[in-house]
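Chain nomenclature is as follows: A, B, C and D, assigned in order of appearance, with residue numbering initiated at 1 for each chain independently.
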Amino acid sequence: MGQKSKLVGSFREAVADIPDGSTIAFGGFAMPGTPFNLIKALWEQGAKRLTLVANTTGGAQQPRMPDIGMLVENGQVAKVICAFTAATRPTDVLPFTKYYESGEVDAELVPQGTLAERLRSAGAGIPAFYTPTAVGTELAAGRETRLIDGREYLLEYALKLDYAFIRARTSDTLGNLRFHRSQRNFNPVMATAARCTIAEIDEPVLPAGSIDPDDVHTPGIYVHRLVQVPPEPEGIWPTRRQEKRR
Amino acid sequence: MGQKSKLVGSFREAVADIPDGSTIAFGGFAMPGTPFNLIKALWEQGAKRLTLVANTTGGAQQPRMPDIGMLVENGQVAKVICAFTAATRPTDVLPFTKYYESGEVDAELVPQGTLAERLRSAGAGIPAFYTPTAVGTELAAGRETRLIDGREYLLEYALKLDYAFIRARTSDTLGNLRFHRSQRNFNPVMATAARCTIAEIDEPVLPAGSIDPDDVHTPGIYVHRLVQVPPEPEGIWPTRRQEKRR
Amino acid sequence: MSESKSKGLNRQQMADRVAREFQDGWIVNLGVGIPTMCSNTDIGDRDITYHSENGVIGYGPVAPAGQEDLNLVNAGGQNVTLNPGAAMVHHADSFGVIRGGHIDATVMGAYQVSMTGDFANWKLKGQKGGGIGGAMDLAACAKRVFIILEHVTRDGSPRLVEACDLPVTARGVVTLVMTNYGLFEPTGTGFRLREIAPGLTVEEIRAVTGGTLTVADGLRQIPTA
Amino acid sequence: MSESKSKGLNRQQMADRVAREFQDGWIVNLGVGIPTMCSNTDIGDRDITYHSENGVIGYGPVAPAGQEDLNLVNAGGQNVTLNPGAAMVHHADSFGVIRGGHIDATVMGAYQVSMTGDFANWKLKGQKGGGIGGAMDLAACAKRVFIILEHVTRDGSPRLVEACDLPVTARGVVTLVMTNYGLFEPTGTGFRLREIAPGLTVEEIRAVTGGTLTVADGLRQIPTA
């Protein structure tokens, strides 16, 4: 077992070598499991022409946290692959939307389950698969479908990543991870899909082998760099959501 | 959350209603996680024309444990879908082999990873997927392949089950399962692929909600019947493997 | 969806009526908005497992203020509680639950439902992009798709239509439509009114419903107690 | 594979030489038989993570008698131990590790290897069915495929051949071939002898090797201490 610690000293150091043009996924669903500190570090680092992958571009909720929208506003983003380019409530306007509508940033809108499965497939060496999702919709227009046992399915391709930014509750120095509750979400599948996975960790990183092998959610072989999240205000943590005024 | 206990009183009761012609998978890889007690109960129950799915047909090792070979010898099996119709060591002869060679029982030989993925796909609503495994081999002869990014892949279909027989270390009354070490193997994916999953449990079944939600390996929604494994000699447990004389 | 004053049932009453469709042992996914309110309804001793797209199986009511776990949310981002026997899975496994056909019913909001069971809820007219989330997966794969929506738009046009003129989320999947005017089923050539809201007449409803409105034998009024 | 007395290296010596190819940080899958013995070899402070098809990531040596965990086995069914930092996954995730290209090297036994890097290890001539296990997944997807086999069959025929006449496990994937006679690489038109076992000559090996045998500059003898 690789026994060298993957802990690096700062978020800045963890993202320092990320080149322009990279494809980077951000875990998280609403606040839980979102790598706010790594996203902020990427904003400070300034890499450009990025393709970003996440459930949403962010900014629908208050308070505003580091999100794809911030990187878009900072001129770092060429394309976004996500399940929401607009908010669920049409009256909420995402910061991202005007950049998308003006054509400044490209987007690929993907159903959430298809997004998760395309990431899982990338990690698991499945180059393409069929799904019933989105058949008969605008998203399937002009695309390849196939009849299997009398039902129509849409062909979808694996989505490979250069980097995955994820967040977990617990880790040992080898990157064996545990997530707390709905922190888990996209994080484990993104970790498998990336050439380099960087994880921010809530609790003090434990010595190698501190986590029972039956209790590991993401094996350390999928995690390449770890950063300890410092307490507030230096570190960014999930907060209570404030209802937006309507 | 469904709060009714899924515990049934005996292995006999758990398999009583399985009809002739069913497709049934057995979890397990070598001894760990193999539902020996349920296999024995199915042998006693006598259902016929079964299609059985497992890693191997069994019988390569000593002592002999309840396995597919036993059901074949009992005239219950029409077809086997597995990764081994012969042993790894060609000098070992499996009890199954003569039934297969005589044409009495049919078999579909599937690479182990493809078998696991076909089961996972059945549970996850993916009707078909592409894999690099077995391309260029006899198993791919005459079958559909596809070039993706310059590499050739083989089309594989989901493998749906009527029943899954599995074995776990720990369960609560709702069927939330935990496996110990390599007991896990095929069991979680088979559970998702079946209309009805029956699990034999090593440790006394716990009250609903005794397992922390972060620590559940197989959610109870995938488990329909539980049977407590009694101590030996009534219950069948993994034993030390004896080296066969060569 | 709208907060305009409208006839018939209020939001919680619509959610209540839909919740009473849930059968013992069902696994149910509730969408953002009114559908979320289904979990507030008392439906006796029926055991329902609530599933959320982000991998929460078996969640309970929203957490009381001050007792939230900030790392536990439902699909709407609310901090919920867990029922005994809950389990967490990752996103790919969570959509395995959905796509694999393990969800007995999904309840969603929508802009429009058609008489052939199509519905639209991810994209407005002329919008670039939209908000799909898990709606297309749920719509295509749940055993039953229940839609809750206001019966008419703010300008009084029907939302139960012959054909959706907005981009659809899925085709031919809706089994039940709950509006503030009543409970309906798409019939292919129109809608069948199963139950009617207090204070409304069949003729009033027919005037603002697309296709042919048929009425169930012994039409019942929806109890709102 | 055979237990017949044969020239050159013994089984453990073949395993030892292959193990010395493993680089720091590699994830390695060891097949049943001689390959398993690679984990006995002392390769200094290089960190190797051993992966087994049944979902064990980071296993260690075989458990001492009396200390076995009967619910923990490697791919060969032996009761192994776990190294600190091990993790368990299910079978589909375990083959996700393999198919996803996360295995740096797989070591397998075989009946035959061809000069184009094909190999055969799942089916004998004339056999109905066979024993595939995880071999085809590993062969198609590991970054490096290392094969260990006796240099000749019991009747003295080459196992390093121009073309396999047994059904292949995968085509064009073998990067290194270890036999009791030496360490080889398939070249497309034959085999390149990288290192030679003590007590053998190049001419002896050439006589029982398919295709053109080339010899590495400054051919080294394999240390067997």
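As a working rule, a residue touches a chain if its C-beta (ideal position, glycine included) is under 8 Å from a C-beta of that chain, and two chains touch if they have at least 3 such contacts.
This one's a predicted model, so the numbers in the text were calculated from it and none came from an experiment.
Asks: Among all chains, whose Cα centre is located farthest from the one for chain B?
Replies: Relative to chain B, the chain with the farthest C-alpha centre is C.
Asks: How big is the gap, in whole Å, between where the Cα atoms of chain C centre and where those of chain D centre?
Replies: Those two chain centres are 57 Å apart.
Asks: Calculate how many whole Å lie between the centre of chain B and the centre of chain D, each centre taken as the average of the chain's C-alpha atoms.
Replies: 28
Asks: Provide the C-alpha centroid distance between chain B and chain C, rounded to the nearest whole angstrom.
Replies: Centre separation, chain B to chain C: 38 Å.
Asks: Mind pulling the residue numbers of chain A that touch at least two other chains?
Replies: Residues 117, 120, 124-126, 131-132, 179-181, 184, 213-214, 217 of chain A touch two or more partner chains.
Asks: Could you list the positions in chain D whose residues touch two or more of the other chains?
Replies: 82, 88-89, 92, 95, 98-99, 141 - these are the residues of chain D that touch more than one other chain.
Asks: Graph of touching chains, which shape: line, ring, star, complete, other?
Replies: other
Asks: Got a list of which chains touch which?
Replies: Touching chain pairs, listed by label, come out as A-B, A-C, A-D, B-C, B-D.
Asks: Please name which positions on chain A make contact with chain C in the complex.
Replies: By the definition above, chain A touches chain C via 29-33, 55, 61, 83-90, 97, 100-101, 107, 109-114, 116-117, 119-120, 131-139, 169, 179-189, 217, 237-241, 246.
Asks: In the complex formed with chain A, which residues of chain B make contact?
Replies: So the residues of chain B in touch with chain A come to 117, 121, 124-132, 146, 148-149, 151, 153, 157, 178-181, 184, 213-215, 217.
Asks: Which positions of chain C touch chain A when the two form their complex?
Replies: 3, 32-33, 52-56, 68-73, 77-79, 82, 88-92, 94-95, 98-99, 123-124, 127-137, 140-141, 167-171
Asks: Going by the contact rule at the top, pick out the chain B residues touching chain C in the complex.
Replies: On the chain B side, the touching residues are 1-4, 120, 122-126, 172, 174, 176, 192, 208-209, 213-214, 216, 219-222.
Asks: Going by the contact rule at the top, pick out the chain D residues touching chain A in the complex.
Replies: Residues 25, 27, 47-51, 57-58, 60, 82-89, 92-93, 95-102, 141.
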